[in-house]
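Each structure below is given as structure tokens.
In the two assemblies presented below, subunit A is common to both, partnered first by subunit B and then by subunit C.
Let's turn to the complex of A and B:
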């Protein structure tokens, strides 16, 4: 060391317990430390904890009192078919079960191919399964239907375990697998609709109850995407006529609430293209969601660095090729989170068809259930049940979207 | 040797010229759009298109009126519609204010160091964000309908607040003839005096804060402003002879009188909107705070700010930059979602419009009126928020 350098000040030695020692402490000590750090860090923190405990206590007590003591759930159990499928013909019920099994198999295949089911997922499926089976089999009247649900869950696991063991590395086999499952996913909606409706089975207008929600939402989401992608590209286009009309379309559609557009479906669209009301409702939902999704995709298009466009141009791609091969794949990946948010929104918005259209989905049939004389006092029970069902599906969707973000590496490059 | 001239460039065929292709594409596009548009116009029956039907007598009544008193016999349809607009605006304003409070509190609570508080906030968000707003609104309405007692067994809280299935009655300030029989418009004068003292107090506060920054000596800006405002309010109140008095509600027979009644319809709509939008705003607030670099929190701790000071002086002002645009979007959603009033029979603009359409037809015109109204309210909201954004946001450099 060169002379003349100022002497380093003596550092105070901070002695930390060795990592292994910290980790090896008994869990009781760790738990106590965790509690102290997270629940009783200071005086105000302790007060907050007790406030939270009081809130939780009141909520929990109220919930238990309502669910197990005050509420009378016969309004649900007595009307389960009404809530589930309403006016869908009973003798065609097998169509519902077969489509359900198909969709569940597809979910299993999808998870097996791109993701994996963790402990929490098994738990969620088990809870949902027990809940549905209990609801359906309660009173013994619909034991068969609950059996069908068990079969569908079995199909989910069959599809999952058929694919999950396959190696994920790129290979001819993997490519084939991805193509098959991807193709099935794209074709899922037409296949499911065909299973429901083909050969004069259940007619479109007999779709009712929860089944109507389950049909409307995917149709709205898929239709919305179909509308949204050209709209977003059009709005970002340099051609003035195209970008202006696309902008006008998006802003006008976003200007009025969905209820307003359903009003259009009921009173005005009939003149433009006559047909089943349910189809008009589907069109309106797709057109409505499309405008919102287009805005998400436009955001993603703008978020792409300019270099991507320039690079595509400099290697001699035409505009369409650049769009198809460079721009859209990246933009769609970025816009997955907002699009899933929009999908959840449209799932919740399927309830709105009940409000002004003479269509009855789950909430509409809950209204019908409490319109029966013997069940009029049980409004709360009916709506709590409806809320729970919608919540479960929306919650599942948001969880899947989080996983999708991780799997596809949104926000990473 | 002469350098070889580059060969004469062959003229690019028209079909490959970019400008021509853009032009042609747009031409084809415009033609197709025009055709579709023409088809729609032809298939709609436009022979009776016009807005004169709005001037005819309404022949229906509008419930949930506040500060207005119209009946359907003497008033026209457009008047009734404007009453509906006023009902919508009222619900939207209250819902926006409440959902902002709920959203900020829950959003901050989600990031709390206290594990229980953070979990509770998360539970709130996950429950209300993932349930349809319509179901929330009808649930709250059902609580009023079947969960609250009949007005005969009204719940009285100190004889000041009453709760029953007719709604909640609360005390409310009303114009009063006061000490020396002042006319009722003195109440308006007093409100004006309040506004003026508020403005004066705010300016005084800004001046004191400026002084504080320059000299470093505490000027108690907030306290001085508060005293100034209180003095203005009290002095004008006395001078005008107590022009406003707070009226406690009473139960007379089967309805409320005096005070103010919050009807179940209004309450259901506003509570539903508040919980739903509050959960979204909470997420926006959380994301805005999390986007800040950790150094901001650490720096605030290093200079010895308290947790509250850290939040209000360092974190939130900076997070606002990211929060305000998203929150503006949520406010616009509140405006549009207020149409769910239809489900609980609250007579907002959408419901009144459907009643008019039911009576008079003219669906196309009514839809036109609806969409223009919603767009106008949205435009006003975003104009206010943009102004707010430019004033409040912290700008670096």
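Let's turn to the complex of A and C:
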């Protein structure tokens, strides 16, 4: 906290809950007071507390029973590779590890540049690390393969502390750092894809399993944003041809479910836009997400006070300058929560490619794993694991978005 | 403004024009596959024993072996296959019609309407089965006549679903159908959410055999339908269909003639008889070799298929083995009466004469 937040440290103090400020008393007194105030404030409150505790207890006991006693997790441990990368050639696994290390480094750099890693973040990273190492070590797999994850986490911290410790007293240095990391972020997707596929790596269709989810979702989200910003501006345009075109696009795309558009990708798009199926799926996801994000951004554009436009005009900015310097930065900031909501939705929608397209992502490969003869009775285990993985990533996205909101000061002007 | 609208319209028209430009190919499907150097085989990836994925991500199973055999025959390389996932029952024929796949080998039942309306052509059946019923041993069900008002789990979008409906209409009983995906309905049955599970008898056998409580379940001897599972190709591609068809026949013939993966090279070098020599495409005692018209794949295409995957019996033993007793699967003709399948009794699988 201390080292990492030179940017806007004073904002943190505003959101601190009041009871945290009462320092100096022994923790036992504080704990007792917390329990009394939050769990047993009144008779009805006490009853509710006990009812809630009973429900939580039953659920927790059931979960613990299932996870540690009833369930047979061999279907997961034996199929780690299938679930993770499926048909991706094993001898080129280094591509996956290098991409992972690259992405993790970038996350570290990003946090170091714009935010900071707090106690909770360290905790979550540790939990993820322990979980992955445990998963790899369990069931007699080579432990060293989990080393890659440890290395990637190491890269995350290396990137983080490199940016945190980097001298940036001068604004020129700060600007340089922001430019470098920002540029890397923008180029992250092409770089990661290149690491996965270029230089004799073969075709897109090798992407399989969880790797496919991890590629599809960011492409859908980034592509969606690229599509959405001009659409949102276009829809608000005073030129009828442009606004009608954009409105038609948005309404048509939003009018049918993603499932339907994937059918289009499979059976219709191949005549107009031949190419690999995964590329077509990416296009459809970007087109689809874009329509929804455009509406989020349009809402933000309309939420901006007219004074902002007028002020930009009065200081002599051109339309484009006003958009780039005044309007969009504010509008995008306001629309972070709905855009992240869309991102989480498209993250989960990546499973649809298995439903419609002949592609197998994580859930599809879980289906394939439980078709292995010895594992056919262990469907629940497979699906619980898949659900956990999806939840973990969605949770991470939501936390990053919260951090982004706090750093950029959404809701505060 | 007008100009912009015109521009957009022009772009739209251009896109349409591009879309309508068909890609007419020279030569047939065999030539297309050989030019591509890869067979696009539509397979299931979620069916125990028949088509599923191994832990290392490779696709394996009974159906997969036939993809390999065809690739060996057409491309001289059993590994030149791209396995396209056709697990979804409802889009499998579109994948074929759309040329996303060259051949569909995915536990697909031959029916007249599929042959005619869906414009699929079927090659020789690779697996004969029939629709059966699984119940808990203590349920008291011995035939479908006992199943009035029973809850029956059945996979949707399949011939199985239609068969059970027809059967209960015929015997004048009503039942409560519960539909879903193949694995889902099996799960529903084993967790007690339905009284009866109906599917191909081979599917039932494989799903029960693997369970620790397998002894609590039984498959009724009653079989209500014929389910010949066969490779499908597009209509009116007769050269390609013939190749697929005769690869399957060749593998069955190899079993009849005692040609195995291990001895095929020796038999090709020194064929013991004219029939074997003809099947393997080698001269017998200085005679000549005929391709029998299979010019695009040359005379030795069946030999390559056998060398790649072995004969039908070897494929069966390697992929299905004892999980589904083989004699029973070949006795699917026994409709609506006890399937009595003594070991070694042949059944209906036999190769047509290759000459």
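One rule holds in what follows: the second predicted complex is superposed on the first by the 373 of 413 C-alpha atoms of A that agree within 3 Å, B and C clash if a C-alpha of one lies under 4 Å from a C-alpha of the other, contacts with A are read in each partner's own complex, and residues count from 1 in each chain.
Simple rule for what comes next: a residue touches a chain if its C-beta (ideal position, glycine included) is under 8 Å from a C-beta of that chain, and two chains touch if they have at least 3 such contacts.
As the structure is a computational prediction, the values presented were derived from the model and not from experiment.
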item	value
Fit or clash - subunit C, subunit B, common subunit A	clash
Partner chain(s) touched by A:55 [first = subunit B, second = subunit C, both, neither]	first
Partner chain in contact with A:351 - subunit B first, subunit C second, else both or neither	first
Which of subunit B and subunit C A:231 touches, first, second, both or neither	neither
Partner chain(s) touched by A:372 [first = subunit B, second = subunit C, both, neither]	second
Which superposed partner A:86 touches (first subunit B, second subunit C, both, neither)	second
Subunit B versus subunit C as contact partner of A:364, first or second or both or neither	second
Which of subunit B and subunit C A:271 touches, first, second, both or neither	both
Contacts of A:391 with subunit B and subunit C, given as first, second, both or neither	first
Which of subunit B and subunit C A:255 touches, first, second, both or neither	first
Shared contact residues on subunit A - subunit B and subunit C	239-242, 245, 267, 271-272, 354-356, 377, 379
Subunit A residues within the subunit B interface of the complex	38-39, 41, 44-45, 48-49, 52-53, 55-56, 238-242, 245, 252, 255-260, 263-264, 267-268, 271-273, 344, 348-349, 351-352, 354-356, 363, 377, 379-380, 383-384, 386-387, 390-391, 394-395, 398
Contact set on subunit A toward subunit C in their complex	78-82, 85-88, 90, 205, 208-209, 239-242, 245, 266-267, 270-272, 277, 354-356, 358-360, 364-365, 367-374, 376-377, 379
Residue ranges of subunit C touching subunit A (in the complex, touch as defined)	1, 4-5, 8, 15, 18-19, 42, 45-49, 51-59, 82, 84-88, 91, 94-95, 98, 100, 183, 186-187, 190, 206-207, 210-212, 323
Complex contacts: residues of subunit B adjacent to subunit A	22, 25-26, 29-30, 33, 39-40, 43-45, 112-117, 120, 126-127, 129-136, 138-139, 142-143, 145-147, 307, 336-337, 339-340, 342-343, 350, 354, 357, 363-364, 367, 370-371, 374-375, 378
